[in-house]
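Per-chain residue numbering starts at 1, and chain names A, B, C and D are given in the order in which the chains are listed.
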Amino acid sequence: MKTSEQVLSELLAAMPEVKVSLLVNPSASAQHSLLVASEDALRVAAYLRDQLGYDYCSNVTGVDWLDKETTEKRKTSRIVLKQVDGVEQSVEETVEETVKRVDPGYLEAVYHLFSMKHGPTDPHPPLVIRMRTGNRSDAVELPSLTPVWRSAEFQEREIFDLYGIVFRGHRDLRRLLMWDEFEDHPMRRDYVDPDDYEYEPTPHDDVLKRAEQQRLQAAQGGAL
Amino acid sequence: MSDLAIQSYLPPVIEVESQDELLEVAMGPHHPSTHGVFRMDVALDGERVVRLKPVFGYLHRNHEKIAEKTTYLASMPYTDRLDYFCSMTNNWAYALAVEKLAGIEVPERAEYLRVITAELTRIQNHASAIGFLLQEMGASGTPLMYAFREREIILDLFESLSGSRMMCNYMRFGGCRVDLPAGWLDAARQVVAGLPRFIDEIEALLTSNEILMARSQGVGILKPDLAINAGVTGVMLRATGVNYDVRKVDHYGIYDRFSFRVPLGEHGDIYDRYMLRVLEMRESVKILEQAIPQLPAGPILDPKSKPRGFRPKPGEAYGRIEAPKGELGFYLISDGTGNPYRYRVRPPSLINLTILEDMCLGQNVADVVLIFGSVDIVLGEVDR
Amino acid sequence: MLGEGILKGLGETARNFVGSFVSEDRLTTVEYPEQRLLPIENTRDFPFLVYDGADPDAGLRCVSCQICEKECPPKCIYIVKSTDKKPDYVGKPQFYPARFDIDISVCMSCQICVEVCPFEAIKMDTEFELSTDDRFGGLILDKHKLAKSNEHFQRIHPTEAAEVDARLAEEKEKVEAKAKAAAEAAAAKTAAESAAAKTAAESAARKAEDGSSGSDAEGVKP
Amino acid sequence: MNSATLDQFFVLLQHHLSALFPTVLQPWVSMILGVVGIVAVFPAIFALTTVLERKGLGRMQNRLGPNRVGPFGILQPIADAIKSLTKEDIVPRSADDVVHFLAPVVLVVAIFLGYAVLPVGRNMVLLNIDAGILLFFAVGASTELSIFMAGWSSRNKYSLLGAMRAVAQMISYEVPLLLAAVVAVMMAGSLAPTAIVQAQGGFTGIFPHWYVFTPWGFAGFALFVVAALAETNRSPFDLPEGESELVAGYFTEYSGFKFALFFLGEYLGMMSIAGYGITLFLGGWGAPFSFLTFIPSWAWFFAKLFLAIFFFIWLRGTLPRLRQDQLMNFAWKFMLPLSLLNLCVAAAWRFLGECLGSGTVAEVMRWLVCAAVLVLAYILLARTLLRRQNIRPRSYRYAD
């Protein structure tokens, strides 16, 4: 079976216009992955399944990469007008300034593919493909690969549930593990646990009473 | 890319005369045969199933989040609790993924111990799966009790090895936690010698039973192309005739050294799944008979691995094994700290349920229970 | 195919029916409170703290290093370190836990605390009849409920206890030998240089002590 | 006390006790004593059966079974009774409470009525009427009503499904049950249970003339047993209460004493139908060997009853359950043709007996011919049905 690099070159040879790049995995496992642009993903996936024999999508999962804030010191040179010896001159001057750069975070969907067609005769490492959303708040749509691999059906629902990636074209995108009324996405890195896990607005008397009290408190706090 | 024609595999649509006359039944979460807390929202036309939606999450505890908040080692006991029937194989899959991530070698003796415990696990899992399937079929627990009698003996072995019957927490990154206690190998040899008799007993009780055949042959048929596309693994997949056993595909551990065969079904129905479990038990006994006498002396843990302060280099790895229920994979991303950045379990139980709807539609309500039982799931793994 | 399968199955159940009367080892279950299964040596359920000697307070091996508290996966251990020190089994002053609680309603018996403990201070018990009528308080075991003697440990896990005892004895011997050598050297020095080298002897003794504490932390658990 | 007095012990007891009353009241008292006897004895056997069933199943499954209450757990039924009597009686809010209450009562009453004509020993039958068998089947059929009452009134989907299954199943199996019983009636030439038992009374050598030892009798008995299992909702035909599918079927919404009544009704039904099976095919109260006739007749009846119950338990411990459509197919496509054929064979048996005359050769000939017809029909029918459903043993291939 082919390595990720070979798959990449074959893909690009067949479909030169798609945006696919190789992400190198530095760990000992050396399972490199292909980063696929979301608009091309469905085509790439169908090609992988039908032409390259990756008929089995084993694992589908999400990863949350937070906004990365990097501070770096930069030296910039600029020309300033200065009074030098009474005459105004433009002088070059180096200024050191700290620049804060925020790399926007994104959500990632990772698919691990194997080939059953080539089966036990041809051992191979997983082919990993990844898709990234634009950011973590409003541009969280990705195309669903469930039409290509049915095994992604529940796993994409799970990602939607736990990470909040919206899979376009999924036939039944509902929460899988959390209940339907749940609001947050608990697997996100910045998810804040509730104080009291037992506290849920359920139709039990004392809990309802507590919920009412909290609501009143909140209202009073708001008024103050 | 709307012009793209992709062949998708979708569940069939069952035509009904009138949507109003359907009987909507919520099977579960408290139902005798949902193996825990699991719900199927079923719409019945008479006793024929026309719609089925599985509902998960009653046992959800966000295992993955817990694992991302603790160290690599501290997740090991939690893996026991995924598929609580097969803690040994869960341990192995997790250890394998970490070993891939950090490039740790496993000593030979530890590999043998892993194979022995994993195959014992497979036998007791398959035996209980058959027992539960027959329980669903209404056999008042007799096959289940026979299976549990045998399982009890195997669990005794696990207890004297690891200290616990079900929550073994036995494997470590780069080996196993403790070496065999005195006399364990003889006890294991005795247990393995008794296993063929037990399998014969189960077969005498069930295999040629006409009622079992009538109930299971031709029921819950799964086609191989759908099975592959839906990522079904394990016995479910091989019952359709697809030859795919991760032990043979990935050659993980030291499975190369043993001669064993992979039984394959043909029809992909419940009877094939039942028979494949029986045959796989026989193959596992074969592996055990080879592995126990060959067990070499030596260390059981890679000397470089340490219990505390384990920090693999940044990167990611996906490791998988053939667990009794299917392909169990762990996907880990390390950011160089002591906790995994991303920890993901690929649960075979959940993914094998993807096609539950496809298999059940158009069948009888009594068959739904059977089909569900033949998938062999554990809710601890489905919901995580 | 015409009913033989059913007859075969009936034969199998009949065989087991008769067999359960004939051979007792067929029966999986025992009548529990009256009959008990033989204990399996490696069995573990909840942790306990080992103490040497007769006094649980004085002989507690735990030095309150809080490693187990950090490593415990479900975080069921709660330790408060003491402010003063007391001598441990080699006579070296160590901290001790002012408070050591384990909530066994949370504990999942994973044994990781035992694995990470460098002082052989926490071990797994085999006591399983722990039901109480107090859901919240009754299952939090404090230091006194947790402390069990080394003899108890030797009784429930003989093999492991023997290994641990041998290792500790070796450790103690090493420490004592070192201390003795240091003392002798110091004595020789004092004899030779009498009052003049008083300060030097003190520093040598301090050095010996430092060396021993270093070996203690590293050497107990390979 | 000689064996004849022992045999008639209960009859004489009833006679003497009723003689204490004025003559006008005597038939009434004697009747009431009989009723009290039945109402006391059979529920007692039911209590014993529950514990024996649990212990027997336990032994088949290599367990001990109940062993806490009393020596060897024999007092378990008393504990169960106290439990079910003290449990809360829950009626679903939307249930039809009158029908919900009536259903178990109707069931138990109907089942008890069946015992009126069951001969449990020589001269030991409450109502010796000529159409006894007819009465039993008529009363037995009315239990379906109570089951449907229970399923309908509970307003539970599982109950309703269970009740629908139960009614379909019981109506279907009524037919082969009756047809299987008819052969015995035909041979004995009477519908009275006592007459049928007496017709099986003689001995050849040491062996009795039970109908089960003839080809048509054996086939009729086998068919009767299968149909009886289905009538009483016992494994492998326990679909109406199929636990793994329908939770508890038609009595899902019953608790406490009403549930216990259902339980009682079910076991009493099982025992009464076993009693009729014994009466029709196993020689009723007759001894199995001529040299054992000194043992009282009622002892033989109850011994046979316990054997029958044990057989029911044994089946329950071994067999999985059928599916609804298979159950129906089995009744209409297999049981019905075979029982019809069995009727013909029984008629032929009688006819051949008259044609061939008596004599060992003729007897053996008659036996062989009848047996051959039945076995052939059984094999052909079973083969065809299984082949049509594509059910066969399989072999498996391996990949290396």
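Keep in mind that, in the parts below, a contact is a pair of C-beta atoms (placed from the backbone, for glycine too) under 8 Å apart; a residue touches a chain by one contact, two chains touch by 3 or more.
Here the structure is a predicted model, which means the values were calculated and not measured.
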If a chain touches chain C and chain D alike, it appears here: B
Reaching chain C from chain A through chains that touch each other, fewest steps: 2
Comparison of A-B and B-C by number of C-beta pairs in contact, larger one: A-B
Most centrally placed chain, judged by C-alpha centres: B
Chain centre separation (chain A, chain B; CA means) in Å: 29
Interchain centroid distance [CA atoms averaged], chain A/chain D, Å: 67
CA centroid of chain B to CA centroid of chain C, Å: 34
Separation of mean Cα positions, chain D and chain B [Å, integer]: 44
Two or more partner chains touched - positions in chain B: 142, 145-146, 149, 205, 207-213, 243, 245, 248
Multi-partner residues of chain A (each touching 2 or more other chains): 120
Interface hub residues of chain D, defined as touching at least two other chains: 60-63, 317-319, 386, 392-393, 399
All touching chain pairs, where touch follows the definition stated at the start: A-B, B-C, B-D, C-D
Of all residues in chain B, those that touch chain A in their complex: 1, 4, 6-10, 56-57, 60, 62, 64-65, 100-103, 226, 228-233, 242-245, 248-251, 312-320, 327, 329, 331, 333-334, 341-342, 344, 346, 350-351, 353-355, 383-384
Interfacial residue positions of chain B with respect to chain C in the complex: 70-71, 73-78, 80-81, 142, 145-146, 148-149, 152, 156, 159-164, 167, 169, 177-178, 181-182, 201, 204-213, 307-308
Interface residues, chain B side, partner chain D - complex: 23, 25, 31-33, 47, 134-142, 145-146, 149, 205, 207-215, 217-218, 243, 245, 248, 261-267, 271-272, 275-276, 279, 364-367, 369
List of chain D residues in touch with chain B within their complex: 57, 60-63, 157-158, 161, 235-236, 238-239, 242-245, 247, 316-326, 386, 389-394, 396-400
Contact set on chain C toward chain B in their complex: 1-6, 8-9, 11-13, 16, 26, 28, 40-44, 67, 71-73, 108-112, 115-116, 124, 159
